[in-house]
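Just so it is clear, A, B and C label the chains in written order, and each chain counts residues from 1 on its own.
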Amino acid sequence: MGTLNSRIPDGPLSQQWTKFKSTCHLVNPSNKRKLDVIVVGTGLAGASAAATLGELGYNVKIFCYQDSPRRAHSIAAQGGINAAKNYQNDGDSVYRLFYDTVKGGDYRARESNVYRLAEVSNAIIDHCVAQGVPFARDYGGSLENRTFGGAQVSRTFYARGQTGQQLLLGAYQSLNRQIKKGTVTMFNRREMLNLVVIDGKARGIIARNLVTGELERHFGHTVVLATGGYGNTWFLSTNAMGSNVSAAWQVYKKGACFANPCFTQIHPTCIPVHGDYQSKLTLMSESLRNDGRIWVPKNLEDAKKLQKGEIKGNEISEENRDYYLERRYPAFGNLVPRDVASRAAKERCDAGFGVNNTGLAVFLDFADSIKRLGKSVIEARYGNLFQMYQKITNQDGYTTPMMIFPAVHYTMGGLWVDYHLMTSIPGLFALGECNFSDHGANRLGASALMQGLADGYFVIPYTIGEYLSNEIGTKRIATDTKEFAEAEKEVRAKIDKLFAVKGNEPVDFFHKKIGKVMWDYVGMGRNEDGLKKALELIPLIREEFWKNVKIAGNQNEFNTEFEKALRVADFLEFGELIARDALQRRESCGGHFREEMQTEEGEAKRDDQNFAYVGAWEYKGDDAEPELHKEPLEFKDIKLVQRNYK
Amino acid sequence: MNLTLKIWRQASAKASGKFETYKITDISTESSFLEMLDVLNDKLIKENVDPVAYDHDCREGICGMCSLYINGRPHGPDEDITTCQLHMRKFKDGDTITIEPWRAGPFPVIKDLAVDRNAFDKILQEGGFISVNTGSAPDANAILIPTQKAELSMDAAACIGCGACVAACKNSSAMLFVSAKVANLGLLPQGRAEAATRVKAMIAKMDELGFGSCTNTGACEAECPKNISISNIAFMNREFLCANIKE
Amino acid sequence: MSGFVSSSIGKKVIMSVTGLFLIIFLCLHLFINLLALVDADGSIFNTVAHFMGTNIIMFVMQWVLAAGFIFHILYSLILTLKNQAARPVKYEVNTRSDITWSSQNMFILGLGILAFLVLHIINYFYKLKFTDLIESGQMSEYELVTSIFTAQYWYYPVIYVIAFILLGLHLNHSFQSSFQTLGLNNSNWLPRLKFIGTLYAIVIAVGFSIIPIYFLMKALL
């Protein structure tokens, strides 16, 4: 593979997308009917893309592993979606949203992509309202906004604490409309297990029917992946239990580059871990930081007593509390970006100030806000979050301070894509969290929903046309060709190999094991020794897995353990790539914090001289080291400065 | 805590099923119900018994994928909650817990406790949407919606499509689910244009799929993890009547 | 409209409309019956009962009433069978929460009431319409009413009171349910309608029960 060509249109930032849209090639309606598009994943990006491509007249097939498209994990997003509407008249603009996003991402995102994102953000809100998404409104009937981390304007639109749910249902409804019209065919309970490449172009997938176990071959003139992030590599994360990297990992092995895998986001406001048997972590919206104040005790003795359960948080007097975010970052206070807030919590807990029995939690306190606004206002804003907290922890967040701790949440890294959102395999596109493009080294709150929908509703419909305009002469390829047979054979070989192991330990045993290694050495704070250690340990776990994993049942039935085994097998390979990427990036930026690289005050220290690039890894074989390609990041419109939220 | 679990086992849709009893020990009261089942499955795998299949995904009460009829109630013995958020502290040491799949003709069992809820998708495909093409919308604030209307719509839109309403209803009626979507869209000015066709199409599909009819018992509302109100059913009845009268 | 009648909601609307009609009928029935308690010899009751029995409007209405009963019963049967079919495999354990017992058992209650209705028709309606007891002057309407509430037939008052309790339970659910089915309900009116429904059910059940109890007591004392 040569150098990565990001295909950014010429001209000033603000003109690029307009120019692209008015000059890109189009496909005429009678030809669109003859073109098949495969979309994998039904979250915000996948569902919105499939619905819009169906509207345009393409023949779309969409796949999800869940029982219904509406279950995709976008549904769990709580806080909101950003847009540069400036309805609050507080000085917002497309440029400011663009600037905040690039700065929030610690200057590791591609300017052109981010500018386009900010540009289409307003159209997303318009479209979602027209679809019937019940955003919060004021008494005059206009849309409400709230503030989110990393911004000094109110630009976040929300539907209670269920914004992701409402936006996903909007996209799902559009998808349903197209399914009814016959332009989109839904394949639920299917998992993509391989990509079919014919003459260098993505031409189809191998999917497993999760109910019957049958392997199916599906042809598409083009394949669109919208399969989400890889947070479950850490075992415990805020991702859904089924979220996985497998689709992305299969295409990586077929030649798609994987960019910046070490850029992962640890979210500061999650419910702390309670025990070894824990299966997942629950996120509570960042919006809580609008009204909640984060603190730990000032004195170590108080912290010790809290850890032993001898006193309660409420019993510590005001002067003995350390509101460390407000202390360290007076300008942004509790609303600093996620990476900064998470690291600050870790710093306090490492120093022994943790407030629960494990010493791994800080307080999020609403007492002041309740005093100022009244309980009913807080209840109206965050009622469902307080209820969720109560159900999980059995504690009342209104009367005692909540306990929170950071957890793996979102992955900024992903398949490398160009301006067209096409990966390095022609005809293979990646949207949403699955690609790497817009968030750099750290994503701001309420930007994931924006990106997923921007990619699906407003970007891919144009860029896929540009690609497919050259494919109108390609007839549908029958799925009995040797490439399809070969791809299916690869999958079957892997399945047979898994069942042949007949070991002693269930799949979760290995998943927990790699999860611990990832959290300990490739977690919130990373260093050279730790990363090297992880690179030693992960292959050992992988080896053990292939010797000692035990899978119940057989492959020709509904077998959730087996599904899990396939996914974990991929995490065990992918984890190594994360560690490798983290090792090569000898700088701290955004969610990637190298302990060797910090300022005297403990802030992340970027190295723009040497690391202002996208690190895209190319697969070179199971036994060979992958090759790193560097796409230099040029900042024409923004001056690079040390991020400062003081 | 130590528990006895009585679980419905059924190898596939066509196989006949029966209850199996399992003993499980040392479960923490802090763990969730599904984590307890994870522990059981780990144990079963080690004993060379096929693990229990059940649906779940987000484990934070929003995706609607988890189900389970636990001790005679959908989503178990806690209010306003899905099974994944149910915690073991709601049970006592020594309890016997009976776990069944959702029972309804239109929700056939796939395996053990997992059922096929595709019928819900099929109903929504008939009209559970507002027909608007991407890129054709006016400015978002061009459509003003009073807070109360937006809130009522949001109340209905909170439905997660888990199917607890069908499971709880003695008639296996899907009226709460269908009405939640009809009200969510029908309460908004954007959704009025196709309100009549929507309600008729969705109800026709609901009937065709074999769901029972509503006898207004309110069991659906009582068991709904998201507190969807049966006033939505009244709204839908009204819409349906008006749509037919105007015809 | 044929689509409407065959739809599940359409069938429910038939249940609801016939039910509301029967609810109104019960009010009238109770009012006339209570007249029997007003004077000692029942002459007021006789006058009204005679008027009801010979009036052309009432003659038509009795067929409408019969149709109301038949449709109500027929559709309850159709719906119940369909609802039963919607759950081919039943639950092993069932714990109902927060819902009234009567709402779960409307069909059973209805069956009980139907059985009573048959008895009631044999006791009165048949004798009034198909025999010449009244015309021949053997007994007045009032005497016909009181004839079965005697010490000799002690079990009739007992059966009647039990039937009225069943009727009350049936009405307790059906009143608010009818409005809900017609869509004449929202979250504000739901509790109000439930309250009115319960009040109505109590008035009907207690009101009707007073009559057999009164005459039995009178006969005994």
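Here is the rule we go by: a contact is a pair of C-beta atoms (placed from the backbone, for glycine too) under 8 Å apart; a residue touches a chain by one contact, two chains touch by 3 or more.
None of the values given here were measured: they were computed from a predicted structure.
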Item to check | Overall pattern in which the protein chains touch one another (line/ring/star/complete/other) | outcome: line
Item to check | Two chains joined by the most C-beta pairs in contact, as defined above | outcome: A-B
Checklist entry - Which chain has its C-alpha centre closest to the mean of all protein C-alpha atoms shown? => result B
Item to check | Separation of subunit B from subunit C, taking each centre as the mean of its C-alpha atoms, in whole Å | outcome: 37
Checklist entry - subunit A to subunit C: how many Å between their CA centres? => result 62
Checklist outcome for this item: Between subunit A and subunit B, the Cα-mean centres are separated in Å by 27
Checklist entry - Given the complex with subunit A, which residues does subunit B contribute to the contact? => result 11-12, 28, 30-32, 34-35, 38-39, 41-42, 44-46, 48-51, 53, 55-65, 78, 80-81, 85, 87, 89, 110-111, 114, 116-118, 120-121, 124-141, 143-147, 150-151, 153-154, 157-158, 160-161, 184-185, 188, 190-191
Item to check | Contact set on subunit B toward subunit C in their complex | outcome: 6, 8, 19, 69, 71-73, 77, 98, 100, 103-106, 170-173, 200, 203-204, 206-207, 210-219, 222-223, 229-231, 233-241, 244, 247
Checklist entry - Residues of subunit C touching subunit B in their complex? => result 1, 3-4, 7-13, 79, 82-83, 85-100, 103-104, 106, 173, 176-177, 179-187, 190
Item to check | Complex contact set, residues of subunit A against subunit B | outcome: 48, 51-52, 55, 66-73, 75-76, 85, 87, 123, 125-132, 134-143, 159-160, 162, 165-166, 169, 172-174, 176-177, 179-180, 186, 188, 211, 238, 240-242, 274-275, 277-280, 282-283, 387-388, 391-392, 394, 457-458, 461, 504, 506, 508, 550, 552-553, 557-561
